[in-house]
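Here chain A shows up in two complexes: once beside chain B, once beside chain C.
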Partner chain A sequence: GDSWGIFTFLCAALCNLPALPALNCSEELGAGQSIQQTYDLTRYLEHQLRTLAGTYLNYLGPPFNEPDFNPPRLARAERVPSATVDLDLWRGLTDNARLAANYRAYSRLLCYLRVLDGQVGTAELRHRLAHFCASLQGLVLSIGGVMSSLGYPLPTGPAGPPAPPGAPTAPNDFLKKMDDFWLLKELQTWLWRSAKDFNRLKKKVPPAVVTLRLEARGF
Partner chain B sequence: VSPAADPAVISPQDPTLLIGSSLVATCTVSPDFPLKAEDLYWTLNGRRLPAASYSALGPSTLSVALARLNGSRQQSGDNLVCHSRDGGILAGSCLYVGLPPEKPVNITCWSKNMKDLTCKWAPGTEGETFLHTNYTLKYKRRWYGQDNTCQEYHTAGTYSCHIPKDLALFTPYEIWVEASNRLGVAVSDVVMLDILDVVTTDPPSDVHVSRVGDLEDQLSVRWSSPPALKDFLFQAKYQIQYRVEDSSEWKVVDDVGNQTSCRLAGLRPGTVYFVQVRCNPFSIYGSKKAGIWSDWSNPTAASTPRSGECRQQRPPQNTTLRRELKQFFGWVKKHAYGCSNLGIKLYDQWRVWLQKSHKTRNQV
Partner chain C sequence: DIHVQYERVGADVTMKCGSMDWDAAVTWTANGTDIDESHLNGSYLILKNVDLSQSGQYSCYEGSSWHLKYQTYLRVGIPPKEPVLMCRSNNYPKGFYCSWHLPTPTYIPNSFNISVIHGTKDMVCEKDAVPKNRCHIRYLQLFSTVKYKVTLTVTNALGKNFTTLIFDEFAIVKPDPPESVVAKPVPNNPRRLEVSWQNPSSWPDPETFPLKFFLRYRPLILDQWQHVELSDGTSHTITDAYAGKEYIIQVAAKDNDIGTWSDWSVAVHATPWTEEPKHLTTEAQITETTSASTSSFMAPPTTKICDKGAMVGSGAMAVCWTAGLVVAAYSVFFI
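Let's look at the complex of A and B:
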């Protein structure tokens, strides 16, 4: 009872100290910073995506750019990893699994976006897409950085069946437009979900985590 | 539950059509689906097509007739969609309606310091083809068969291309642009040129504008020749343009020749001027032809002296103050003992003494 109180107080006090060279905190400190940065990056990408999606859907033309547009998701569209997951399942994810899901999803989404970049018509769209891909690449690297600093291995290879070099291209132009629509939708959903994922991770890995180290020293 | 097969098939799928043409499209529901022709409807770019244009060609096949089509609303194709009664999408087809491209025109090229070649052109007179049009710039040395394709596009605007290397001098090149879209190809006229005829260079660097002593109506402009001049056997001639700060009208000085300095005269006194210089390489390898003018240098500003400004005249107050202070300190030395009681009281005492001595002086 009392000793725990003292212990918690000591931790709180120590957490507020600026620099503790004797304790090897740099790794946890790094992870805390990286998680915040990754969170910020997802918010920034979410903002960028709004403009990109608006422009792209206008390029596809109505009904794709109509606000209530909701086409059927055909079998072929499921190659894009889905962000929606059962709530309890989501809550129960380990940090490693949570991070890995994000890492795999964005790596895959980046591949598909790059293919899009090569096919799209107008110069303005190509420019926006290229910019977005660069930022998305940054997000993938950032997530990788968080995983490394927490000691988790990076997921190897693409998740699920590897996408063939040309990517399973839709058999006709209209179906391709639908695929593009769903790609952008999934990207949006993933960015919303990632913000929640990283918020959750932020709470579990605060900026100056010292507790673990104190325990190790037989405190 | 996502279906294994497509719910319906549209024919024709993704056709390309000339503006003004008509089209009859059919939507055939897959046998796995319990839909009949009367359960279907069509939309084009999100707008429902009138039922009067529909026709049932079979129990599960509905057709629609489209007449005198306009150019596609977006370059990705018009969206013709077959729906089930509840609005669900069964199938779609992208219609590409437009015109074949026109011959690209006005091809102009220039070479920066004889090292590369940039060309720009304009699309044919109509311009809008409603279809995505690809432009390819091609070039070959006259009398040497091989066609080359330019790779770096949009370097100097949308319709431009840059050839960075492997260009031969003293040999004519044939250059042309091919425009192609889904409806056809158009080739521009061939332009023949020698790299040496279209050479331009960087603008002059280190442009300095300064006053000419006290002269109110003149400014002196000095600059350095562009660095590439040293490497190539060409001369340079220059042009200067200048304007008053709050005007947009430039005055051009044309006869600068190949000097790297010039004096501007007949200017307004006390005015700020903006000056720019540009360069034209000519007599390249001895040819008499002029090159292409460079861009103007960044504007440099300077002002002409104002009338009377430069005379060595100090305003009256300054001189009196100095004299007074000199006198005061001289008096302090004589009448005050050290600087400890230096203060306003002492100054007042001095003023009193000054007045007294003034009176005596005037009395004399």
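Let's look at the complex of A and C:
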């Protein structure tokens, strides 16, 4: 599906880099360039999300689409991984931990988004969500690629949305909408954070030529 | 016992002479000047529809003894209008500051109270000594999904008012303008100008939070700016400057990913390199040699030939005439 499209896009972009002539993208790629590509992908997704979130919040209706809407965080919303982190802790993260946090977060967010995709009403929203999910999948792959090229193991964990025993899906329509609101908010914040995470990684990992193996992850 | 009395502009004020009876004989003064009895109701002083000029010291003296019985300072003012509040992070990710002011003066002392709420947490905004009406907050957490709610309340003796700002961590990021902007001509390049600048000193971590820049420039004689956006580096060479024209140049900064552009930096002026004008003495020498060479071809002036000796008669005339012919012939040759 669209995932291959993103993959091809990445390859095409990388192969057009002037500094690496006659490059076959299935062979050697610098980890530095991969980080740059991942950074670019987060910016692209952030841009896409702005349109998607606007449409989706209008679909949810007021008060969710009001600019000053500032609800308290309910305990149940904590299931969605949060980008919020203590400043010194964030600074002190190792490259591995930094990448792993991003990988885990986007994998989980992708799952939640896919669940959303199956539930929305309008065709326009379904189309937008599907497109966004495909791009997000590309991001997860890209991060995975960076981790592999640096020799880090990919984080393991539940593939699907974790369902805590006994916890039901939102008991009523309003709370369900609140869940959706926070999901989009966390996604937005993660994309802002990732730009900063990958900036930091860019500085610490020089563009050395390392063999990169991009394996199909069964999508 | 010092009294201060605050009253609204336009209000009616009644001042009592301390513990004196209503029918006691008293004299009131305003800033030392006696007040006319028409303003008195018994021993009470009545001021109707007070204005700002009536602020001052009011004293009440017992009629015969001139003992000071009561004294008060009257301060006429207005209750505060809605204050103007602004919050900004020019030192991301360290924190942010908020500053405020009143849109119109109240003419009496005001006190300000600022509260910052982040989700369920109350945060303390530390007041700055300088400038006044400003406080700063340190971020405890980064990349927060919860908005900040800042409420500023202004209170004075006549009333209170407040304003609230609600914003995301990312929305208020705005760096200070770039510093030390320098523009220099490039030797032997009449269309180039080399511009360089520095990150604003208030931006704490440009390595992890890099800034991008926006350069604008125009010759002084034109109104239209040219723009260049630069994603990294703190220098740029303009290559399309008009030769010999003085330029005005400014730079602005923005976090690479979030927030808004800074204000424009201080403007710098520069003119591209121009070639030196030719040396004056060299020109004169060229003209002299040319005139010398031409004069060698010309016949000596006619007058000389005709002046030589006192030639009387047609002979002299003939010589003059011949000389004139020769000169004419040569002139024709040169035209």
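Please note the rule applied: the second predicted complex is superposed on the first by the 167 of 219 C-alpha atoms of A that agree within 3 Å, B and C clash if a C-alpha of one lies under 4 Å from a C-alpha of the other, contacts with A are read in each partner's own complex, and residues count from 1 in each chain.
The criterion applied here is as follows: a residue touches a chain if its C-beta (ideal position, glycine included) is under 8 Å from a C-beta of that chain, and two chains touch if they have at least 3 such contacts.
Note that the structure is predicted; figures quoted are calculated from it, not measured.
Asks: Given the touch rule stated above, what does A:Leu87 touch, chain B (first), chain C (second), both, or neither?
Replies: It touches chain C, and chain B stays clear.
Asks: Where does A:His131 make contact in the superposed view: on chain B (first), on chain C (second), on both, or on neither?
Replies: Touch status of A:His131: no partner.
Asks: Return first, second, both or neither, reflecting whether A:Arg73 touches chain B, chain C, both chains, or no partner chain.
Replies: In the superposition, A:Arg73 touches chain B and chain C alike.
Asks: Just chain B (first), just chain C (second), both, or neither: which does A:Asn172 touch?
Replies: So A:Asn172 only meets chain B here.
Asks: Just chain B (first), just chain C (second), both, or neither: which does A:Tyr59 touch?
Replies: A:Tyr59: touches chain B, not chain C.
Asks: Mind working out whether A:His47 is in touch with chain B, chain C, both or neither, as first, second, both or neither?
Replies: A:His47 contacts neither chain B nor chain C.
Asks: Taking the contacts chain A makes with chain B in one complex and with chain C in the other, which residues are shared?
Replies: Shared contact residues on chain A: 72-73.
Asks: Which of the residues in chain B come into contact with chain A in the complex?
Replies: Those in contact with chain A are residues 2-4, 6-7, 10, 13-14, 43, 45-47, 73-79, 81, 88-89, 91-94, 132, 154, 158.
Asks: Quick check: in the complex, which residue numbers of chain A touch chain B?
Replies: Residues 58-64, 66, 71-75, 78, 121-123, 172-175, 177-178.
Asks: Help me check something: in the complex, which residues belonging to chain C touch chain A?
Replies: Its residues touching chain A are 93, 119-120, 139-147, 149, 166, 170, 207-210, 256-258.
Asks: In the complex formed with chain C, which residues of chain A make contact?
Replies: These residues of chain A touch chain C: 43, 68, 70, 72-73, 82-87, 90-91, 182, 185-186, 188-190, 192-193, 195-196, 199-200, 203.
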